[in-house]
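First up is the structure itself, then whatever we jot down about it.
Letters A, B, C and D name the chains as they come in the text, with residue numbers starting at 1 for each one.
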């Protein structure tokens, strides 16, 4: 390392220590850049793949109000994907390349989207639990050390909170409805509870990258801390809604002033992460199909822009 | 009155069914920017449909399908989810399957250029609700038409493949364009309130000629598709895709006629 | 014309006069061959395109019994198409070439299939009226002077009668059902009545080819004769069913011992024949799509057969 | 008993949903001969489904959905058209969208080879109705399997494109093959009446190996798709296509719960 490089690195660490932001033109260590690109790309991919489970209900939403809310939400997710791919591009990544990595399985997306949405209640439960867990994970990222990511996250978190409230409100409506509707909500909650808890990642003692990410100011809390925060926040909401979670070990711990809860089936998480989930193949296939089907359109747009430039 | 309600349903159903087809593009569009744009257009039309359905229900309560006593389903949803195919009054153009992005673009252009012309005149309607819906809609439709026109030209002038697809796409919609300008008795009976679509024809032809000029495309010369014994979309006689579209759209709501959503 | 040719032609006419059959290896005039190929091909195309309006209801048939009947019927139509293409091949035509003529619009099919089937009642009404009219047209063809065509028609007519009875029986069931079902049947009958009458072709004084076809024993009755026969047969069936036909001019004529009836809208028939019907584009597009989508399968089968031959 | 009815519904729903997918090939097949063959296979399976649904209703009347008083809908139709998605017990393999002819062929082969093994053993069932259905079904399934095997080999050995498509088609079905051999508690509880699908595994593997050998294809090594919290098709937890399939299939019947067809 030269003296100049050493100075740059010192400056970088000072910026982070003072909770100031790293900007695209600033010097940064290679590992920081790579970790960030991977994290932001995965996050972008998750927004895009995450359109599918809910998009499945766009043509069948049972009221026009819910159809409009759902269409706006799925559109927001496309928008989030756009911000995040842009943030990744400030680090030198290329959107077409990232898309290619997604559809060839070389980059991941949040495993939660590998579960199916067989009922309309899933739209509400995804809003409440899945967006709720995502917000717990993402709010700290609004203070990410990397400026463009932090700013994207501020906007995204604001919209996600809105989505979460809408999801919860849908469930409230359904719980005021018929017995079948209430049963539909409970059945959906039963399916999504454990996968939601797994969204925070493996237990801390099985999460090797956490320490480095926290030192870089990319991650702010451990997986288990965030999971506990989510459980503590969600259990009273379930009570208010009138549903139960499928965990006999769930109980208030007066000493810890927190809820105790059971252990998720980590083997299931591993299976889903490594491609054996109920919908992994379907999600990638649909994204790939849309991308392949759109190739001629993108080529036409490029060719047309080129011709325009020539004429100008 | 029943005529006003019938007219509102025509305008509403055009927007509703078009919006349903646009929603099918979600997660299937060629680029994320198009995901966003097509959803926006779908949302605008869905918004128009909701206002128009409410106006239909207010103008003639019996036009709303009866549901079991105590059902909490609001009028806009009763009209959307509990009418049978025969009661939908949309033109056949909007119900056709999407086809590829070129076909969808060609259809969206024809639809938007036509509806824009209707809404521009409808701003002067003697019905204040229709006039207000139209005033807001004109801005929306102007954007929709321009979006579609931009892609129509881009695809026509892009690559050989995209040009071939645009020619095919336009040919696919064309048989259902004639119906857009057929004056319906309901429209004739509402002079001053409704717009006579024949008044929009010249403007539509101009807009089309401009875009086809920029695209260096010929105006299709295929014949328009006949009605069935004089009846077409406006009279509830639809193409075969409509039943499939409605089966899907209405499935959840119909399974729960007492549902609250 | 040489003496030999003159003798052949005399023999051909004698065969026809004696109501005997022309067989594939027999001599026949060019015009006879061409007219027959066109007629048989159009008939085959009609069977194949005719699968679409009813096939539209296969996935939605509202009882399993009706679903099975409908699937079997649509399958029979494919089978009829196969027989008829084979009969055309005995005259030197090529099936792939005939299919190509169909999907490029150079050969026609029965215009009746250019009307849509928006309700399930249409399945019954097609069986009753459309198959009924087809049978009136086709029964005389069982005595066609061309052997392979006559034999195909005998088998086809037997199956069509069966389909017609099934269609009528479906309508009988529906008329015993709810008010909505009865209304559905009547609405469907209202749409199909006039197009069914048009299936017999233009009025005799506007049908230039009839005379030659009758002389060749290809056609046995004029369009108007067959149309009258159909009306006389069908009106009592409508009474038994409890539906009406949308023709104020329909009335029993005691003198003629036949029903008087109104004039169909011949301009509509012309529009549909020349490609302006409600579904012309859709029918051809679907047939073309299936054919194009299947090209790689047919190529694979050919390539495989070729490899098998080489190995053998 | 309820277990016997549940078992009949498993076997019935597999056949019913597979038949529904096969019917979608109608007017879309690559050749007229395939139109006829696929419709025949669909009809065989539909016939099996009807006998099995009737057996389920006879074994446990409460398994048939309740309809309004006086509804003339027979048990087989109440079960087909008025159960909700959660109550369908078919394996997920049969509900997947058809894909191209290669994908449909690969799926049909896997399904037929498996079901043939089940029905062969079911001929010895202590339930005489099941035994009779199985005895008839074995002949049918043998033909289905051989038809699919012939096309699987033809496509794999035909052209480069057909081979690529067959490899993709097989990969598409493969994630749902694992579930075929998971013993369900209902099956365990009916020893002597039901067939344990694990018993069919070796035979299926042999049949597959033979066909893949003739096709010069590798056995796919992709992972099987997980269940959702331990629940899959047999427990009514289906993939997302199932809801769309049912919405279409049930639309007319549900619009007329008092209908006679």
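What we mean here is this: a residue touches a chain if its C-beta (ideal position, glycine included) is under 8 Å from a C-beta of that chain, and two chains touch if they have at least 3 such contacts.
Protein names from UniProt, one per chain: A, C = 1,2-phenylacetyl-CoA epoxidase subunit A.
Since this is a predicted model, take the numbers as computed values, not measurements.
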Which of A-D and C-D has more C-beta contact pairs: C-D
Separation of mean Cα positions, chain C and chain A [Å, integer]: 58
Between chain D and chain A, distance of the C-alpha-averaged centres to the nearest whole Å: 36
Chain B and chain D: spacing of chain centres that average the CA atoms, whole Å: 39
Contacts with two or more other chains, residues of chain A listed in rising order: 60
Two or more partner chains touched - positions in chain B: 243, 247-248, 251
Graph class of chain-chain contacts, one of line, ring, star, complete, other: other
Contact set on chain A toward chain D in their complex: 53, 56, 60, 115-119, 187, 190-191, 194, 268, 271-272, 274-282, 285
Sites on chain D touched by chain C in the complex: 20, 23-24, 26-36, 39-40, 42-43, 46-47, 49-50, 53, 72-74, 76-77, 80-81, 100-101, 153-155, 157-159, 161-162, 165, 248-249, 251-253, 256, 258-261
Contacting residues of chain D [partner chain A, same complex]: 85-86, 172, 175, 222-229, 232, 237-240, 242-243, 247
Touching residues (chain side chain D, partner chain B) in the complex: 84, 243-244, 246-248, 250-251, 254-255
Parts of chain C lying in touch with chain D, wherever the complex brings them together: 48, 51-52, 55, 58-68, 71-72, 74-75, 78-79, 81-82, 85, 120, 170, 173-174, 176-178, 180-181, 286-287, 289-290, 293-304, 307
